[in-house]
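In what follows, chain A forms one complex with chain B and a second complex with chain C.
On to the complex of A and B.
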């Protein structure tokens, strides 16, 4: 080993430095220190990755644990004695106009008195306001029950629901014990969560309204941003002359991709609502705002995909007499389409999770029925999550997490499709 | 007749034009022989279809804008309108209510007078929309017939159709400019209105932010000092979030590019990217529900005064985690851009991997990393939902991370929800804040991209 440092002696200047003793105590310690530092550094890197991954896992698990309960609901078997209840109904009318008749039939009073009869004077506190709907459904299904005493399964109130599934207030816990002794409690999948809309009672709210709003908004966004994005990408990549205008277009597209999303909300508010007087809270305006936000993403992804198509394809098509338009629409675009679609799906996934610009254009209103069209007031999934997170009722916590799970499932599906497309159609030329 | 139906009719006419013209071009082409034809039959079809649809649709667009005033005129001349009140405001309210009832958007009237106007309204509306539809259909047919008459083998349909396609592509790419101009114009316009009420210097340098008091009529002085907002934004987005994101992001990038086996890397990298794909509202909910209470309990436990359940730290921490993949991928790119020879040289001198990374790779990649961090800061200060849900509304200037601060984006959301009167300084202030945010993020992006570009050139 010591020979390795000998060339020092070849220099004309004599140095007083002794050859390094690589096996000496000091040198060994030094190397050990350096290796220890190396291991520490490596460990630090691993820790950084693990902390990030751990955070993700913690987030998903805590959402999952809370949200899973949101999909379940507690139900109470409520004995209803119709002949003795304060129901005001004419069975003969029931077949002609059931909705009208049942709306005036004093059903809330029926629930209240039945619950008090069955579970004591606090009985009606155990029952959710959604019980009326359950009762109505039961009567429509079998009007015959009006003449006898039946047991109907109705949703439990938010407090009982919480106490039965996790931990509620002391009074509710006691009530749950009492109900369990009466064998009146059961827990089942909350189908209503996927089919109903926003409400004030956490036991009857659902996400269908928000989901439909999201789907309508996304449809508008896709219909606007996809053609515009693809056309702009084609123009910039294939036809645009190199001049100042093209530079301005490129700079503005790159800037738009970096503008904070809330600014797009301000744009939508100032232009679409205040200048063009389009309806507030509507999927139309939300979709247009999000389309402006998604378009730059599609343009940038589209340009990369178009750039990846080799020039030989264009040359060959031009060589056999195709016009520039035919070259692009018959050859370049089909070859670049998988890449463009991947970028589009990623952009759409971003738009689906976006909240801030939609708050600006008023999509935070309380909408209790699913939108019928693109100009009806609507809300979307992320905004619904935001609205529920603001609710004071404790029952809304698990509903919020459940809505987050639904949103994440959608995003995960979209991203998986994007990755699948990329892997399946990716071409190495 | 609804607008949708007339559009469908025009599209159907265009389709018929396409089919007929294509068939005719095919027949004429066969008669004339292949070499004598300029365009393919389907291009003739497109030519006729475009002539059928475009002028008619353009006419409909114009008509939709002109029609309301025509309808209004004819309603005002109707006998029922003679009893309308003279002042513009109540008159306009009655007219718009009658219009809403006539179109079915509203079922009952608040003002009994508007009920009498519904019938004239409906009649005029029906009359003018029928006129519009008939004119559009005639226009579509006439233009289609004109185009059809030009179908002959020597006609240059292809060039004309392609010119339309080219213009469409150009227009699509101009949308980006229009959007940018729209953002700048709307922000500037509303901000100027705001600055005509509030002195810009008071806004940019004032230390007191209380728009509610201004809205309640205490005057605009001293109510719109935005410095506490700027401080809160910087404190959360540029300080706390970056303290989390820079070390974690940088070390993750180093570990994944320099140490991890390819197989681990293949799994780990997408997992980090999932962090960037989680919607911000989910982060915000997580910060508000889980992180913030834990931090408040911690602060109370070790006796820090002023701990709030809406702390800057909770929002900043979670935002930092959101930014990790962003910093990590930027660092990844810039480390990968350092020439392999520099790394090899260092290793050949006997340096360990970590010494190479710390002494050679990071200094060489530093400009790229700095550029990436600037981009990350610009994203963090524009982030809205996390701070809306987890940071507070109190405009404090504090260094205590457990206290509540507010940010520019939080206040924008706060100012623009609730009442929507566009003449009060309170709502217009949101646009002024938006303008500041827009300019700052733009500058950060420009500087960052310039730094990154310069650094890339250094090794090319």
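On to the complex of A and C.
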């Protein structure tokens, strides 16, 4: 093409420019700088990954070390001589109504006298209040022991437990030495931690109450937020007319996802408790409050997932005469489901770890028995962790770590299920 | 026009205008589609031929800003009238798209989906038969009969497009609209589709939009030339290609622009 036809002729091209020297000094330096920048960037990325991995490892190791001890308990072999103990029991009644008979049998006194007889006058301080339950269990299992002298394994008191595991007070350390010499100490898996609820004595508290509370609360949250979130996302993407109102709703939902969680707690307090008079501290209200928080996350993730379904699939379905609702439920929703599930995982994980809004609706109460249903008073795992971390009793520290481990395992289980479901749907399509 | 307009017109359009918001995309188009002849729409990009095609099965309804004026009938019934159910219309007027778009499901499910939602099959055996018949008509049966449960998206581009044609055939449409069905395919796959179109001719009224004038000459018996949203000229394909009446048609066909 000749220069004459170029419209650029008004600004003449400089003809005096030297040809580019691809092997010159300046060019080599530029290339070296480019490679250096690349190396720097890679190094920074590696550092970032290493730092995060380090923090994660620190968290897991410290939690694991502390928490593992929380799952173990120190036990004392306590010789009990039933015929000579102050037990008040009618063996004939034992078979008909054991709970009531044993409740009135003066068991704490039996423990106290047995411990004092075995380990000296401070003996009863070595034994946890949970010993009564162990004794009760032993009698129910074999009422025959009431006529003879037996050795029963009972949990040690918090002080002895701590002294045996790590560092206790001087008196407790001395007591541990004494007990070890008497070969009365043993360490075992604390099964009670997984089956009992909150209490005042760290040796007998358990996580089951909070775990069940969390399970019920999450079930309510999922049951409310998932269908509402998915249907809202579907409606907004597929049916809602594009106008000012849709824009306002969209902005509101985006803002809702960013509202601090404590505000949702206040909302729950004002509406669910004060206006609707739902029961306080109940998983029902906790789940409803958390559902308000989770729903916008699911709506946003759902809308993005629905938007990502190629329009050609919609065209294909419409083109052979599928009705709009058939297009949505046969094609769009199944294709969007993996993305929706990802959003649900994020929302539910956030809800599971949430403490602040649940404090506002009274789920921080001391609840010593697991909830029987969604309207019973309950607490949840993060609130239980918060409550225990606040306890001054030293034995609660490792219980807190153990509770954190339970929470993390719960979280991992929940996410694994969601990821499994997501992969299943992805494979099918 | 007059030669075929009398008896076998499947679809007729009269004075059709299409607007996207304020912009007019189609101006006053009148055309007939009949059973015996394959009708080709040709014209440069953006001339409105695809837009007009999509008015014939109301796919433009999905575009919120689109507005259609004029009268389009299928067997004398106004397809934009209140008595016409759009879902049924799209079953009667099937469509094959520019890019092969099989559902991300098995080959079998791709074909069976349409008959299933319209309740065309009376049982599993009947459905199997419909699937086999549709795949045979689409010229795909021999290639896929042993792997009906494989994903439709795992086929090659040409096979996918034939699957889409089979999917459209499976609901027994009266008209098949093809929107540049070969533009994403290689010459061998294109030849197979063209062969297929010639075989389907007579059973279905076929309208094909194409950029490729040789293709229009090969597969169609009637051709309509669109330019800037207007229907410039229409007539028997041989006439349009050998003896166009309008200067613009001649320029386009001889490759002066396009």
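Everything below uses one rule, namely that the second predicted complex is superposed on the first by the 359 of 429 C-alpha atoms of A that agree within 3 Å, B and C clash if a C-alpha of one lies under 4 Å from a C-alpha of the other, contacts with A are read in each partner's own complex, and residues count from 1 in each chain.
As a working rule, a contact is a pair of C-beta atoms (placed from the backbone, for glycine too) under 8 Å apart; a residue touches a chain by one contact, two chains touch by 3 or more.
Bear in mind the structure is a predicted one, so any value in this text is a computation, not a measurement.
> Given the alignment on chain A, is it a clash or a fit between chain B and chain C?
fit
> Could you say whether A:241 touches chain B, chain C, both of them, or neither, answering first, second, both or neither?
Second partner only.
> A:322 contacts which: chain B (first), chain C (second), both, neither?
So A:322 only meets chain C here.
> Looking at A:17 after the superposition, I want to know if it touches chain B, chain C, both of them or none. Which is it: first, second, both, neither?
Once the two structures are laid over each other on A, A:17 reaches no partner at all.
> Touching A:46, do we find chain B (first), chain C (second), both, or neither?
first
> If we overlay the two complexes on their shared chain A, which of chain B and chain C does A:277 touch? Say first, second, both or neither.
neither
> Could you tell me if A:424 is touching chain B, chain C, both of them or neither one (first, second, both, neither)?
neither
> If you stack the two complexes on chain A, which partner ends up touching A:63: first (chain B), second (chain C), both, or neither?
The first partner, chain B, only.
> Does chain C touch more residues of chain A than chain B does, or is it the other way round?
On the superposition, B touches more of the residues of chain A.
> Is A:227 in contact with chain B, with chain C, with both, or with neither (first, second, both, neither)?
first
> Taking the superposition as given, does A:314 touch the first partner, chain B, the second, chain C, both, or neither?
A:314: touches chain C, not chain B.
> Once both structures are overlaid on their shared chain, how near does any Cα of chain B get to a Cα of chain C? Whole angstrom is fine.
Minimum over all C-alpha pairs of chain B and chain C: 7 Å.
> Do chain B and chain C land on any of the same chain A residues, and which?
323
> Where on chain A does chain B make contact in their complex?
It is residues 34-35, 37-38, 41-42, 44-49, 51-53, 55-56, 59, 62-63, 227-229, 231-232, 234-236, 239-240, 248-249, 252-253, 255-256, 258-264, 266-267, 269-271, 274, 292, 295-296, 299, 323-325, 329, 349, 352-356, 359-360, 362, 364, 382-383, 385-386, 389, 397, 400-401, 404, 407-408, 411, 415 of chain A that touch chain B.
> Within their complex, state which residues of chain B touch chain A.
158, 162, 165-166, 168-177, 179-180, 182-183, 186-187, 189-190, 247-252, 254-256, 258-260, 268, 271-272, 274-275, 277-286, 288-290, 321, 324-325, 352-355, 357-358, 375, 378-379, 381-385, 388-389, 409, 412-413, 416-417, 420, 422, 430-431, 434, 437-438, 441-442, 445
> Show me the residue ranges of chain C that touch chain A in the complex, using the header's touch definition.
57, 59, 62, 64, 87-92, 94-97, 99, 101-105, 113-114, 117-118, 164, 167-168, 170-171
> Note which residues of chain A are touching chain C in the complex, please.
241-242, 310, 312-323, 326, 330-331, 335, 429
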